[in-house]
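In what follows, structures are represented as structure tokens.
Below are two complexes that have chain A in common, paired first with chain B and then with chain C.
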Partner chain A sequence: MKNTIRQVFHSPKFVGGFVIFVAILLTMFIYPLFNPGNPLQQIGVGTFAKPGTYVSLYDATKTTPETFRLPEADENRLAASLSDEDRVAMVEYFTAMGIDISDLDTGDTDTLLQMWEDNYDPSVRPKGMTGARVNYFKRLNNSLQDLKGGDTIIIAEEGEDGALVESKSISTTDYVRTGAVANVKTLPLGTDNFGRDVLKELVSATGTSIGIGLLAGIVATLIGLTFGLLAGYLGGFVDDFIMFITNIFTVIPGFVLLILISYSIGQEQRGAAVVATVIGLTGWTWTARSVRSQVISLRNRDHVNLSKLSGHSLLRIILTDILPYIASYVVMAFILQVSSGILAEAQLSLLGLGPRTTEVPTLGLMMNWAMLYSAHTNGSWWAYFPVILVITLISFSLNLMNTGLDQVFNPTLRD
Partner chain B sequence: MNEPVRVQKDFTNAPLCLSGKGVTKVFGFGDKKTVAVDHVDFEFHEGEFVSIVGESGSGKTTLSKMLLGLSNATEGEIFFQGKPRDISSGHKKKEYWKGIQAIFQDPFSSFNTFQKIDTVLLDCINMRGGKGLSKQEKFNMMSDACHFVNLEFKELTNKYPFELSGGQMQRLMIARIFLLKPKILLADEPTSMVDACSRATILDMLLNLRDEIGMTVIFITHDIGLAYYISDSVYIMEHGKFVEYGKADEVILHPQAAYTKRLISDVPKIHEEWDLSTVDLHA
Partner chain C sequence: MKGYRKYFGKKIFWFILTFIAAVVLNFILPRLMPADPVAAITGRIAGGNTDAKAVAQIYERYQEEFGTNLPMHQQFLKFCKNAIHGNFGLSFSQYPRSVSDIIGSAIGWTIALQLPAILVGWLLGNLLGALAAYIRKGFDKVLLPVSLFLSNVPAFGMAVVLLVVFGVYLKVAPTAGGYAFDMIPHLSWDFIKSVISHYQLPFWSIVLVSIGGQAVGMRSMSIYELNADYVKYSRFLGIKDRKIVGYVFRNAMLPQVTGLALSIGTMVGGALVAEIIFSYPGLGSTMYSAVTAADYPLISATTLIITVMVLIVTFLLDIIYGFIDPRVKAAQFE
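After this line comes the complex of A and B, so read on.
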């Protein structure tokens, strides 16, 4: 027994999978300590804020600034404020003016602005250009001049007599340290469609999904194991009866059954635990089948016969003479059940038949929300891609552990 | 050099211990039908050492499973101590197994590899109603049993059966029988998978045990020379049928069936004293 465990932990595949899985589990437990609170709290009013660090503008203006004269400051400011749309418009203007732009890179802000400086002439109206378009270019030019001009921003407050009084002026060379600003929020994965912190939600969802996988795995393994043991060991009528039920469950595709049951339970009753149980209830058949065939090959072994001759009860024979021999196999089946349980929840939730949405996030629900709010078409990758990555990582680590175990327990597979 | 002394007794008048009428076992059906044991009759007496001899595949193990009550006969009836054997319930089976025990062919698959040797022996004491005995009493019983088969119990505690050699495991099996003291011991080729050295020791131990407990031994073997050496009576089995049976001397020294003659001629040389080459195979 000890020896087997040592062997298992010498299998690189098992250890690889185990490390990834434990890392995921640890994150699940440790991250909430640093970022406590309800993962479903809506912190943003808008949807899909991009990943990054957010500095409170209000608090920043109240923070005492330092003055820095950084050489690239103007350029950076210009580059940041020049939208892709503006860049395309500038190219359009150059073309209309008949300027050679064959080697112009629209991403190169410096050259682009230099060319604009050299070629823009408000008095000329290029051939075929509408008046509205000409005005658009005028506005674009003005805003560029403003940005370069190094104006100050003036903050005014209402004075005693109701008139606005300048309270503070902010120049382009004023800087505040992020640490000195009262409110800074880092959202490594931005916010989702409801304005929730995606990372926080993801960590919580991972926990729930692994929980669902474990519960589904336990239910499926317990049912499959019990049925497989009884059918295989007792044979005869019991075997026929259990195999009849197993066949019924096998003939109806598991996922269809899962959809039907989930649908008939109704949105209100579908908590995470209920969904997990339903997944387990529809996924036990192959465990039962394979346990049964293993038991059939075991039940006529001499050590079982010896145990019978020693007058041991049915229960004792199953528990001590059969179960230990298939334990490694059951562990592997369990790991696969957990993995497929997590995937089943994701599939169900994508169809809108997952756990009811108000209590806890799950990986499937996060994907469902991202899809409903078109995250995949509006470029908000952070709302669904990390979820897919986590599902993949969990499946990958569990399957890797399983392959490792398989190689230890069935050495003939080893190369 | 001690010459083994072969003592044969006549048990024809001893009370019946296990007997059968028309016992048959059929596996499969249709094209795949195998008649492994075909309407055999037998009478084993109390205290007798009986050998069932046959080639591999002749149905010996199948018959032994039926005798042990581990599988049901397709046809025929088995009598235990003269009365029809009733093992229809779990409780009755348990009672029957107090009277009949077995040693199997392959010692390496006979033990549960997850159970310690202590458990194996303790189970035997419990089965004989020794649950209430003190620790010391149980320890003494297990030590005695191990002593009988030349093992040291102190060295075996907390060990697993697979840590022993094949010969030691078969001896442990005999220690089990020593504790259980059944009426009948069925030994299915107990020496065919152990080294030649252990073979003679194990056979001697079986004979000693028979004398000590006074039980019936049903010894299954493919080796007619071995059967001649240790049995009181032999049954020769060919293709599921008993082609010949009787007292060991009568059957082996004056074989009637062609099959028996072939088995005997296949034995190279058993022992100088009982050199079977002198047997007239053409009688």
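After this line comes the complex of A and C, so read on.
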């Protein structure tokens, strides 16, 4: 036993998969310690807030600032506040003024502004330009001048007599340290369509999905193992009967059965555990098939016959003389069942047949929500891509472990 | 020929048996559940209606329409009789369209998408796997982890990634539908062009996913065969490498055919979900809209059609297998 384990951990593939899987498990347990709370809590009011650190604007204005004169500050501010529309408008102005813009890149704020400064002349009215447009350019010019520094924003509060009283003025050179601001929230993966913290939700969903996979795997492996052992060892009528059922369920797609059963159970009864059990109930067939063929090759071995002659009970023969020989095989089948269980849950949820949505997030539900609110077409990659990545990584790590085990136990496959 | 006849006879027998089981399951499963679908539909239709008599009338009306007031065996006979005539009743969500009409317009899209995609993925995967086993060294070192990783990307995940990269950012392919939304299906060059451009993303997402799994399987099968005694013996005899490789791949292919037959159900399931991502007008999207609209007759008919399609493909694969593997015929003589 000890030797086998050592051998298994010498397989680079197994170790690779194992490390990834354990890393996922550890994150699952450790992350909630740092960021406790209900993963389904809606912290944001809007949908799909971008990933990043959010600083409370209110608290920031209350914090005592430091003054820095950073050389690139003006330029950054201008670049950030100059919208694409403004840039296009500026180009339009240059064209109207008859200036050569063949080598102008609208993304290059520096040269764009330099050109603007050199060429903008409020006293000249370009030919064919409406008065409204001319005024627009005046406003644009003023706002650009403001941003260039020296400008201040005045914070005013309502005084006792109802008039606004200036409480603070913020200049372009004022800075506050993020640590000094009372409320700073970092959302590494932003928020989803309901305004929930995606990372927190993802960690919790990963846990639930792995749980679903494990339960589905256990159910499927237990049924498959029992049927396979009975069919293989007993043979005869039992074998024929079990194989009859197994053959039928192998050909009827498990996915279809899953849809039918899940739909019939109804949304209210469909908790995560129920979904997992149903997945297990529809996925046992190939475990049964392969266990059966392994047992058939074992049942006429000498040690089994010896046990039979000694009058050992059926249970004992199966447990001590057969199971140990197929244990490695069953473990591998179990690993595959877990990974296909996680995938099955995700697919069911995408169809709208996943666990009911009020209690726990699962990877499939997160995917379903992201798709329902078209995160994929509005550019909110953080709502769906991490989910796909996690599903892939879990499945990849499990399969890698499986391949590693396969190579240890089937020497012909070794590289 | 006697061996073949016996082999095919056996296969046909199993095909019919599984077919019956599938129909029975499709009929029984929803009826085994504690929830009464007719009651659910009545509740939905009646809405806020509190008049008990009216609700009871609606319920009875639906019972009659679905025939749920008949005893179970009569219901089953009626179900079979109607199903043979292609009559699955009326759809709730797309009333007054009949279920068979909806399925009829969706099934072509699904077959045209999935059959070529799965076949191409299978062929490419096997080719790459065989190459990896034969060349080993660098190619294998890269190909194996890549295929392992690819085979674990869920079909819908691949669909989303392709959609976002090629549809949304690069804008080289349309993101939704089976043809441009402003077109009515007709036979013209424009329409065909539109169909082909809408076909690309769903097609490649299925192909990419199936390549991975097949390549991994074929690689290990080929390695296994390359180490077999007959290969060593052939080498001793001085048979050309090319010829040996031919033998090896033929032998390694056989389990892959069985593997395809066994996994086609799973692959179709994954591909159906991928259809939803692209709003492809096939059975997957039909099923999705049926589920969201709680369109009971449509769901049950869709699942039945999918089952039958998978059954037929599996059956055909079994038949093909019988022809390409002479041992099958030999086994029947024993």
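Keep this in mind: the second predicted complex is superposed on the first by the 384 of 415 C-alpha atoms of A that agree within 3 Å, B and C clash if a C-alpha of one lies under 4 Å from a C-alpha of the other, contacts with A are read in each partner's own complex, and residues count from 1 in each chain.
Just so we're on the same page, a residue touches a chain if its C-beta (ideal position, glycine included) is under 8 Å from a C-beta of that chain, and two chains touch if they have at least 3 such contacts.
Only a predicted model underlies this, so the values are computations on that prediction, with no experimental measurement involved.
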The chain contacting more residues of chain A, comparing chain B with chain C, is C
| request: Identify the partner contact of A:Ala23: answer first if only chain B is touched, second if only chain C is, both if each is, neither if none is. | output: neither
Does chain B (first) or chain C (second) touch A:Asp321, or do both, or does neither? first
- Task: Have a look at where A:Asp302 lands relative to chain B and chain C in the superposition and call it first, second, both or neither.
- Result: first
Requested in this report: Could you tell me if A:Leu353 is touching chain B, chain C, both of them or neither one (first, second, both, neither)?
Outcome: second
**Message:** Is A:Gly311 touching anything from chain B or chain C once the two structures are fitted on A? First, second, both or neither.
**Reply:** first
Name the contact category of A:Gly254: first (chain B only), second (chain C only), both, or neither. second
Where chain B and chain C land on the same part of chain A: residues none
Per the touch rule above, chain A residues touching chain C in the complex are 244, 247-248, 250-257, 259-261, 263-266, 269, 286, 339-340, 343, 346-347, 350-353, 367, 371, 376-377, 379, 381, 384-385, 388, 391-392, 395-396, 399-400, 403, 406, 412-413
Chain B contacts chain A in the complex at 65, 68, 70, 90, 93-94, 97-98, 100-102, 104-106, 109-115, 123-124, 127
So, in the complex, the side of chain C touching chain A is made of residues 14, 17-18, 21-22, 25-26, 29-30, 32-33, 35, 37, 40, 148-149, 151-154, 156-157, 160-161, 163-164, 168, 175, 216, 220, 223-224, 227, 262, 265-266, 268-270, 272-273, 276-277, 287-288, 291-292, 299-300, 303, 306-307, 310-311, 314
The chain A residues in contact with chain B across the complex are 1, 301-303, 305-314, 320-321, 324-325
